[in-house]
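Here the structure is laid out as structure tokens; the discussion comes afterwards.
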Amino acid sequence: MAKLGVGVLGVGRMGKRHAENLRSLIPEARLVAVADVDFEAARRLGDDLEIEHYYDSLESMVDRKDIDAVVIASPSRFHLSAVQTAAAAGKHILCEKPLALTIDGVDDAIAAARSANVILQVGFMRRYDPAYAEAYKRIEEGEIGTPIIFRSISRDREPPPVSFYQSGSGTLFLDSSIHDFDLARWLMKDEVAEVHAFGGTLACPELVQFGELDAGIVNLRFSRGAIGNVESFRQSRYGYDIYTEVVGSKATLRIGYLRQTALTVLSGAGAGHDVVDHFLVRFAEAYLNELRDFVRSVLAASPPRVTGEDARRALAIALAAARSCRDSCTVRVAEGIRVETMHSAS
Amino acid sequence: MAKLGVGVLGVGRMGKRHAENLRSLIPEARLVAVADVDFEAARRLGDDLEIEHYYDSLESMVDRKDIDAVVIASPSRFHLSAVQTAAAAGKHILCEKPLALTIDGVDDAIAAARSANVILQVGFMRRYDPAYAEAYKRIEEGEIGTPIIFRSISRDREPPPVSFYQSGSGTLFLDSSIHDFDLARWLMKDEVAEVHAFGGTLACPELVQFGELDAGIVNLRFSRGAIGNVESFRQSRYGYDIYTEVVGSKATLRIGYLRQTALTVLSGAGAGHDVVDHFLVRFAEAYLNELRDFVRSVLAASPPRVTGEDARRALAIALAAARSCRDSCTVRVAEGIRVETMHSAS
Amino acid sequence: MAKLGVGVLGVGRMGKRHAENLRSLIPEARLVAVADVDFEAARRLGDDLEIEHYYDSLESMVDRKDIDAVVIASPSRFHLSAVQTAAAAGKHILCEKPLALTIDGVDDAIAAARSANVILQVGFMRRYDPAYAEAYKRIEEGEIGTPIIFRSISRDREPPPVSFYQSGSGTLFLDSSIHDFDLARWLMKDEVAEVHAFGGTLACPELVQFGELDAGIVNLRFSRGAIGNVESFRQSRYGYDIYTEVVGSKATLRIGYLRQTALTVLSGAGAGHDVVDHFLVRFAEAYLNELRDFVRSVLAASPPRVTGEDARRALAIALAAARSCRDSCTVRVAEGIRVETMHSAS
Amino acid sequence: MAKLGVGVLGVGRMGKRHAENLRSLIPEARLVAVADVDFEAARRLGDDLEIEHYYDSLESMVDRKDIDAVVIASPSRFHLSAVQTAAAAGKHILCEKPLALTIDGVDDAIAAARSANVILQVGFMRRYDPAYAEAYKRIEEGEIGTPIIFRSISRDREPPPVSFYQSGSGTLFLDSSIHDFDLARWLMKDEVAEVHAFGGTLACPELVQFGELDAGIVNLRFSRGAIGNVESFRQSRYGYDIYTEVVGSKATLRIGYLRQTALTVLSGAGAGHDVVDHFLVRFAEAYLNELRDFVRSVLAASPPRVTGEDARRALAIALAAARSCRDSCTVRVAEGIRVETMHSAS
């Protein structure tokens, strides 16, 4: 079987992980090249992974005929143009979330992929985590009855570096909560109709200069009446804590854990254990499964499991949450889309 | 030492528990009498507890000189008049929550106790649970730094009986979430400034006839900027699940557990254990501590730990949540008080 | 219904707990008197519990006609003579474990109760703990198939006071492991045929003067082939940790927990919680259930659930373990009985 | 840097895992070839991993100059001759446990490696598990004080296939408990002086034909007085459960967990979750770390962390346990070595 040739754009921690997974753990793929505006960083990763090609731009990388697909892991605000470039070159695309920062942008990304007839998959990797996948399966099979309440919490141990905010990637609802909004739609099998958000810069004073929140809490109302809440927090201190709950009319599912290792210490101070500290630890398997699914989808010419439309709807919720937080009002998600579209058009 | 003579009004499950605790477990108190409009129920409980006096009304019970204090555990809508009756008779009062159903009502109750110069304590028993008390102590000592996020969940296994709703006691935010609102103020050491709520009758169709919610989710903004969320649900099916989290700038506290007994079953189906099923199990110790504290406060003529003012503020949040849920808007809590006061005056 | 008049012998922590339970929580019983060689201690407890009668000996207490039953909670080496005294006076007996320190002693105790035609129940209170009781029920119902492996661990947070050892109550296998030996017989529904033990004075040098062990580990072979292990340790430092496991051919049961309260603290140091610290906390409900069962058995003239024969068999295992530990050999339990009987006869 | 050329002997599940790890996850190594008496199996694995060389014997594989080291994952009874062959060919060796089935055999293996001046590492991979490694570090740093009690449990979900027993690999104490015996020595920082074992064929009647045990329980006495217990069981049904505890004079460490995924299901039946089901899941990271350490040790010409002497001492305990179980007596480990050596010489 011919292998899928893949190039990775962006060699930050996320791009690096994708490149490593492609290099070693996905036999159906061949990592051909990596690209980054920081050419030295691209070269270093290329050397580490023993691949021969590295570039300082996506444009030059996609010229290669032996690249069939690209993984986009550049800063969020460059996602849209990268998708357009890759699509124009006829490459299949796995793009990190968010696909774009506005609804118009997402629409443009979807249109670009569609007219180029390439697969466009979006990086909501939690759907590929074994526990979340099992939860979805059980909901699908009716085990919990009708979903009634959705809760999801995403807490980072420490906030991303300041450079992350300088790159414009940091908006809390668009960068972090968007994972939970995607889970909300996916696990509840329903769309979010209305949101309400409170937020603040409560723990990380260095974010004030960027006007960024470090804590947000979003109430959700689903179109068939179910309710929910999403919390995002940038600095838990104790660990990387991802926790989701779907309360159904017959049973309830919880997805989440704290422990990193199996060690418990018992002393006069009580019982203690460590806590998972990083998303690349918690979701190591999910990232691998995601990439594997992308490669297989492309090779089989089957549609991806997480589409541009999924990205659009999650973004619409995130934008509505941002507006609700700003204006202290309930925001209909459809309204959020229109309003934000207008904003982005102005 | 002279014992405090106590009468209990209401012999439902809550009044029964208070009476049992007074009868056996609080040496400084003497259970003198119980009263209930259902005189036969009062007599049965009196016989079981081997006390000699039972009444069909608070009015007749408070005539007794050997009663120094009353515990009010009648349906919520009768709390105010019971407080007024007891205060008028010069009896100290421990009243179940909510103290009244309107802010005006709470003000009247507080005024009645004040003019009679009797102690008025309100039944937010969670403050007396060892885990909550320990959490408060640690927050007080600065262990978690500045409180940033508050979360609290209250789920009943099964909804209260229909008779509970018929008695008018059932409003979700006033009857159930009010415990979490009290915890919010107490543990965050701050007042709730704004709320936003979504709710629905999603699991218990029999509540539709009463216009009552079985699920509600309330976003909170505290006056110093912290944020929070409170969820209440009437029918979890799996157990009585009370869970609170206080996220601070230095550490995070969680209060809650699932297990009722220490048994774990391991089989081909995985690992499983039981779940606490009832509030009288989860908070057995809290109810006892609460009553003990009340008795000692009265005997020492010291102010109670949970006051009428606490009841007023928790109720204001609950009323604001109810209005937010009805009108789908953010509600300032001060505003909620004024508006609802006006409503109740009309 | 006439109440059962009960006297309690011994007002140490265990006798005190029994007296408190009888005084307040068992409506079918009336605590008539307490006795202790330390008359002042008996008087203090009597005053605290508001009973009028206290004695400095069992002999004088059992003269009372209004005492129908006695609870024996004196030091272990006085159990036998107390049982004989109580039986001679025609009183029903609940005796703390061990019933006696030799097989001959147990036989004498059983004979005394039998000839006096009084009920003799022995204080293996774990059988009354809700989790252990549920485990037994599930085994009885066949849920785990054939029991194959038994494990049980008993760890005290801190060793008993030196006075406990001075009183001769302290032998590890006879005082502590004996609970696990009783669980072994009861939960495995089989007799222990052979034991092998290692032990040492490893943590508490102050026990060396008494020739007592603080740590012991006992291999078990049951008569139908199943195997097991019992560990006892006097000084865990972290808490009171009682843990039992029954591995069956179809499923496995675990009984045990660490947490005392529902509080979890999450910080940069990880996640931590407290640990149950004392047997009167862990087994509060078991002690109450045990006493209630005793009172009801006497009132109903039905045989007790934990008999003198149970005490005899558990003691035989404990004596065999002690001998195995001393002689470093495998000991057949029947052999252990005979040998020890000979010893005690010499 | 030149890469270490490695060949893998045996392509069962363990050899396959080593080969996969070498192929993809250890950049300092190059998987050159695999060998198995089942040549077709070797070829299939070679094809899957895209390597070009596969053999039907170690003899032919070690002829390759580009192979510097071999990983031995053949059935246990062939370990010794494989070590001798590899050593004779001057290849460094990572050998699965047990290194040999007799003390003489281990001595021969050690001698072979020593005279060939090659590194001989033994596959006690648990030492490389992050939780066990952290436990060791804390003990080394004195955090738990003096180790007093050691406990370790190894339970398979289902027994190995009958072919495993036919190959002679199956002896419970030598194949399974030996991991725990190694942990005992390593974590307690002491040698095992005496053992006592009970065992039986209690759950898997198909093992009777091989005279093999499926359950064993081994008491340990360490040379400095500490005590311990090791349990091994072949068929837990509920999962792969590895649990170790080191009780110290100041604190206690526990290593072990049950959960495979982060999903909890809450229903009327209680709370439930899955259990880790296989050693390649539980110890995935350990196997990788072990291999990485081996490759680095060879490249750096530094001694391995787990030596032939470690294998010898663990085997001595296992053989002593086997003899204790057979003869129902306490066995000194030194004595066990001698006796078994005599047996194997006869």
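Worth a mention:
Letters A, B, C and D mark the chains as written, and numbering starts fresh at 1 in each.
The rule is short, and it goes like this: contacts are C-beta pairs under 8 Å (C-beta built on N, C-alpha and C of every residue); 3 or more make two chains touch, one makes a residue touch a chain.
Small disclaimer: the values here were computed from a predicted structure and weren't measured.
At the far end from chain D, in terms of centres built from Cα atoms, lies B. Counted by C-beta pairs in contact, the busier of B-D and B-C is B-C.
Rounded to a whole number, the gap between the C-alpha centres of chain B and chain C is 40 angstrom.
Centre-to-centre spacing of chain B and chain D amounts to 57 Å, using the average Cα coordinate of each chain.
Touching of two or more other chains is recorded for residues 236-238, 250-252, 259, 266-268 of chain D. Taken chain by chain, the contacts link every pair, so each chain touches all the others.
Chain C meets chain D in the complex at residues 146, 148-149, 151, 153, 155, 194, 196-200, 202-203, 215-221, 225-229, 231, 233, 235-238, 247, 249-252, 328-330.
Against chain A, in their complex, chain D makes its touches with residues 24-25, 27, 48, 50, 129-131, 134-135, 138, 143, 250-257, 259-268.
Contacts from chain A toward chain C in the complex involve residues 236-239, 258-259, 266-275.
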